[in-house]
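Got some structures for you, see below.
Both complexes shown next keep chain A, but they swap its partner, so chain B is in the first and chain C is in the second.
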Partner chain A sequence: MESRKVIFRIKRFNPKKDERPYYKEYEIDVPKGMTILEALQYIKDNIDPTLAFRAFCRSAICGSCSVKINGYPKLACKTQVFNELDVYNTNILTIEPIDNMEVIRDLIVDWDSAIQKMEKMRPYLIPDPEVVPETLDEECKVYPHELKKFDKFTDCILCTTCYSACGIVRVDSNYGGPFPLARVYRFAVDPRDSLKKERAKIGFSFDMWNCVRCNKCADVCPKHIAPVDGIMKLRGLSIEIGLRNNPGARHVMAFYKSLQESGMLNEVLLPLRTKGIKGVLENLSIGIKMILKGKAHSPIMKPIKEHETLKEVMKRAMEVE
Partner chain B sequence: MGKYAFYPGCAAKGASKELYEATIAVSNKLNLDMVELPEFSCCGAGVLEEIKEVLDIAVNARNLAYAEREGRDIVTVCSTCLLVLRKAKYLLDNDDELREEVNEILKESGLEYKGTVDVKHFHWVLLEEFGEEGLKEKVVKPLTGLKVYPYYGCHTVRPKDIIGYEPSENPQSLEKIIRALGATPVCGERRLECCGFHAFWPAPNISMKLTGLNLKDARKESADCIVTPCPLCHMNLDANQERALKEVGENFKMPVLHVPQLVGLALGISPRELGIHRNITPVNCVQIS
Partner chain C sequence: MLQYDILIVGAGGAGLYAALETSKRKGLKVAVISKVFPTRSHTGAAQGGVNAALGNVAPDSPEKHAYDTVKGSDFLADQDAVELMCEMAPKIIREMEHMGLPFSRLENGKIAQRPFGGASFPRTCYSADKTGHVMLQTLYEQCIKNNVTFLNEWFALSLVHNGERIAGVVALDLRTGEIHGMRAKAVILATGGHARIYWKRTSNALGNTGDGPAMALRAGVPLKDMEFVQFHPTGLRRTGILVTEGARGEGGYLINKDGERFMKRYAPEKMELAPRDLVSRAIETEIMEGRGFKDSEGNEFVYLDLRHLGKKKILERLPQIRELAIDFEGVDPIEEPIPIRPTAHYSMGGIDTDIYGRTIIKGLYAAGECGCVSVHGANRLGGNSLLDIVVFGKLAGEDAANFVAENSFIPFDESEVRKEEEKIKALFDNDGKERLVDLRNELSDVMTYGAGIFREEKKMKEALEKVREIKERAKHIKVYDKDMTFNTNLQQTLEFLNMVEVAETIVLGALERKESRGAHSRTDYPKRDDENFLKHSIIERTPDGDLKISWKPVKITKFQPEERKY
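Moving on, here comes the complex of A and B:
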């Protein structure tokens, strides 16, 4: 069987013993098809029994084995060593604990902060008595078209991979994070839930508008859930329930208005439309620099060709149920 | 050679006018068959989805339909436009019910989405059309000795399910272009991190902090300049540089170039034609005569 010599450069840290984290290298023969988790287990069984990592189901269901492989968070049980070597064109793989959570030991992190934040956001069904029967004698149906709205978000395995990769979680301690916010959306559109769209207020108070839509959470999710989609839809629900007097919602409406007016974004009016006079004043100095460099267009924009078709498309799209 | 419909996006038509100028100059120099369709509208930058998903998809299905009518693949110089257009295409191509619904919306305007055109980034097209070696042959002013930090940002590579041009964990397209131009890529750990542009309005400090960290990373790698395929990243890194560096307690100047500007310099196009004079942070890393 084809095999390759691979150096695993693993980040080690035992807070009870070590002053600071360090890297330790292990060279092993890896047969084709071996996963990162199997390699870690091989090292633990044959070279260094002190190596600590989490692994339970080994089937990409429990989500416990998420680690960073050459800087990118992935489930170790789902990731084959050869694939990683090919992507990075190397025979060295750096394995580290995932970010945004405290390290308990080596590759094991403390999930509590992420889970506690999620709990505060009440991402569980709060039954609507008008929909959910009191006893089990009656059925509570969810129709396929209703399920379609939140089906993919029910696949979340709470592995926290997305949470660890999120740049906003790193710099904003109040930000809910990708999987908790996507969960809030999942219940906001569940017909059995009593809070329904009002759940968008929870998202609002956990800074959902601070999501930068970088799509990293969509990229790293081992279940291809794309939490960012849930966050965007939750923002949409907040606009629907009238939470419009904030820079996030006003920014969205500024785009809509621009498309209606000319078909292109009116960048010159964007600060005013998004944040009012405050927006203009905050960005005045940079605005002047840009004008001096010839980087601004007229606030009155000429409509694109066939602008009427765009307006018609927008009108008809807004009428769709 | 392919036939392309140029989709500049709003930034290149406004606050990043130099990107538009540089793209046209490079495209002309390389004889690319690229025409801008006057019917193209703003893609909505993903925010239309926050009003209604079908609105976002229908607006972009309209853009795609106009390109289809001309039989041209869309080529854009904006990473966010790239993602939004590719996402609309991905959803329409993989959901028959949605496609039917959207085509019903387009019908009134005499349009139909068929799914016959692709959406590409400008720098992918350069590599597809000429390859690293072919591009090298076109270089008349090699950027020898220039250390360039390839800053991908987000939407040129993520999410892989929709973008899928190269491995999102370790893309190499910008490095290939930098090498072809005779320069040296210097990669830092934040080359794939977000600049925070899309949170600029609700959370300017957070947005500026992310940008500041990226600039610091380029400095740490001793880069002479940053190159980016995204005008939105460029806006944060270049125009907002002073503010971003203040947010992370730094003060230095790091030139930031759009990909077509860097390519154009190596192709011997004049800096004026490439709109270099419009960059806010002075581009003093290359000889500009």
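Moving on, here comes the complex of A and C:
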């Protein structure tokens, strides 16, 4: 059977012993079909028993084995070595711990902080006595279309891959992060929950408006969940419950108004509506620089031709939502 | 020393339900320790579903559920336990539903149910193909809500008791490497199954190494029906990861080296859709008689061929199985057949308990796959294990809470902590003449060929010898990693030592059970023998270190044994 010689360049670090992380290389013969996790275990069994990494189910359901492979966070157990070699056209694979969490040892990171954040966000059903029967003689009625609203988000295996990839998590220590916020949304639209839309307040207090919609969390999720979608919908709920008095919500409202009025985004009016005059003045110099460098539009805009149609589309979209 | 009223070891479905139950009692100090973060427990891997006679799709009753279970068990299950479980099933399913578990739904909003092997009605509640996963997540969420204390990535090493009452547990904090005495009035073991003993051929998670039964055995607590290990016919060749029955359900073929659909020799009518144990035996026979394939790593297998179904059908109906084959075998079933072989899947046997999870040591309980109540007897029905773990997790939790209300702590002998420290030190100091990986693979082969799908006196005697030999050789395994921060080399070695210990009980039980019943199939005794073997095997370790086997009657209430015909 086909096999290839592969060099695994693995980042090693034991904070109790090593001054700084270093890379160690291991060359092994990889048969077709071998996963990154199996390769790691092979190295541990046969070359270096001190290599430390986490794994449990080896079938992409427990979320233990997230690591960075050539810079990209993935589940080691779900990743074929040959595939990676082909994608990067190389015989060297670099394996590192995932980001945004402290390294305990080698590829093992401390995800407590991420989980603790989630735990503070009340990620559990608080039954609505109006919906959930008092006795166990009957079940709640949940219709398939209701389930559909949150079903996908219950696929989350807490692998923290998305959390490790999110830039806002890195810069804002209060930011809830993709999977915790998506879980808040999951409960917000569960008909059995008593907080329901009010849960948006939790998202609000964990800076959900700071998400920049870069979509990284969606790109890396091994379960094909898009946490960002949950966050956007949670934002929607916050506007619905009248939680508007914040830059994020105002930004969305301004965005909407601007499209309504002109069919285009007015990038000058947008900050004005979002942040008020004071905010705009603070950012004015950056704005002017951006216009001069051609990175922003001139504040003077003419309505576009398709504006009326757009307005209609938006109106319908709002009705559907 | 750490001190709790109740200490729960294991955070799968059984451990979490026990924790939830105890968290309802005010003033109890309860902690759950688990060697992995709770939601990583193996319960999450269960896809199919969980049984309960809700009657949402067709009229059904707990009694019919009980009958199917007893019949499926080949009449070895204790019928009082089965009746209790089936009676509680609808309520506990609704309880979890009220906690937010996202079951799949019918158009009328009720919980959907689907048919499953061995059940006479569509009785299996499910959540798409992620039932165990959402069950685990939901229970974990509720535990957070109830402020349950979790000690994650802690490894239980041994039980401490005075011969009558439990005193606590000795455990290793994997992150720091510290060894702690943990005092408790009651201890509930919920450490899951042990099919990892068949290392190279199992659907189980890496940590399903029988730590609970091994600890119990060392502490003099008996194990029950250990010879019964369930194999699932279609595990992936290299990893043993499960390819669910859906693939055959949609019309997949099983093919041998000669390109032949060999099931025609074993079940000409049902072909690939014959019962699990029959299909498993057919595949093994093909391989034994030289009609299987062998790859360069030495794996033997046959093919599960889906290609004739066509790309469209595979993409529409079997997308998960396709993803699995691509991710874990590097094979796209649209273009290539999937290499498969039966895989060790479920441990019917375990720590001997009564219906409240009580063991012979007062205050020591066991629940879930590590325990044996017994509701699965010689063969578990699909969907009954997820039910078993929640029902008996709950009952053990309740009983333990009652127990601690009436009992005080007993002294904890601190020398037990030092004993474990010394054991671990010895592992660092060994000569290293033997390697963990070699012995682990050898144990896997010995068990697969000696006490696997087919069993026979001579081979089992050899296997028993070999397991004992491996146990001796294991005294030379050295732990090379000396750093106590997250020492996974140490952890894997400790797990292996537990597996060898449990393996011996499986072979011994299998050797002594001279009949064929359920998953236990002896070529030298092909018939079920109710006259001599309608009884549970009980194995315990005597103080001088030998294994002692005895027997215990099966509890029969309503259903008289009859021939198991399908």
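Rule of thumb we're sticking to: the second predicted complex is superposed on the first by the 304 of 321 C-alpha atoms of A that agree within 3 Å, B and C clash if a C-alpha of one lies under 4 Å from a C-alpha of the other, contacts with A are read in each partner's own complex, and residues count from 1 in each chain.
Methods note: a contact is a pair of C-beta atoms (placed from the backbone, for glycine too) under 8 Å apart; a residue touches a chain by one contact, two chains touch by 3 or more.
Given the structure is predicted, the values throughout are model-derived calculations rather than measurements.
Colleague: Let me test your reading of the model: by the given contact rule, A:Arg105 touches which partner, first (chain B), second (chain C), both or neither?
Modeller: A:Arg105 sits against chain C, while chain B stays out of touch.
Colleague: With both complexes superposed on chain A, which partner does A:Gly33 reach: first (chain B), second (chain C), both or neither?
Modeller: second
Colleague: Looking at the overlay, does A:Glu138 come into contact with chain B only (first), chain C only (second), both, or neither?
Modeller: The second partner, chain C, only.
Colleague: With both complexes superposed on chain A, which partner does A:Gly242 reach: first (chain B), second (chain C), both or neither?
Modeller: Neither partner.
Colleague: In their shared complex, at which residues does chain A touch chain C?
Modeller: So the residues of chain A touching chain C come out as 1, 3, 14, 16-17, 31-35, 38, 44-46, 49-50, 52-64, 78-80, 82-83, 104-105, 108, 111, 115, 119, 122-127, 132-133, 136-144, 147, 150-151, 154-158, 187, 190, 192-193.
Colleague: Mind listing the chain C positions that touch chain A in their complex?
Modeller: 36-37, 39-42, 44-45, 54, 90-95, 97-100, 102-111, 127-128, 130, 133-134, 137-138, 141-142, 144-145, 175, 205-207, 238-239, 241-242, 295-297, 324, 326-331, 435-437, 479-481, 483, 485-489
Colleague: For chain A, which residues count as touching chain B in their complex?
Modeller: Listed in rising order, the residues are 70-72, 87-88, 167-168, 171-172, 207, 209-216, 218-219, 224, 226, 232-233, 235-236, 239, 246-248, 250-253, 255-256, 258-259, 263-265, 267-268, 274-275, 279, 282, 286, 289-290, 293-297, 304-310, 312-314, 316-318, 320.
Colleague: Would you pull the chain B residues touching chain A in the complex into a rising list?
Modeller: Chain B reaches chain A through residues 10-11, 13-18, 38-42, 44-55, 57-59, 62, 66, 83, 101, 105-106, 108-111, 154-155, 158-161, 167-170, 189, 193-194, 196-199, 201-204, 206-207, 209-210, 239-240, 243, 277-280.
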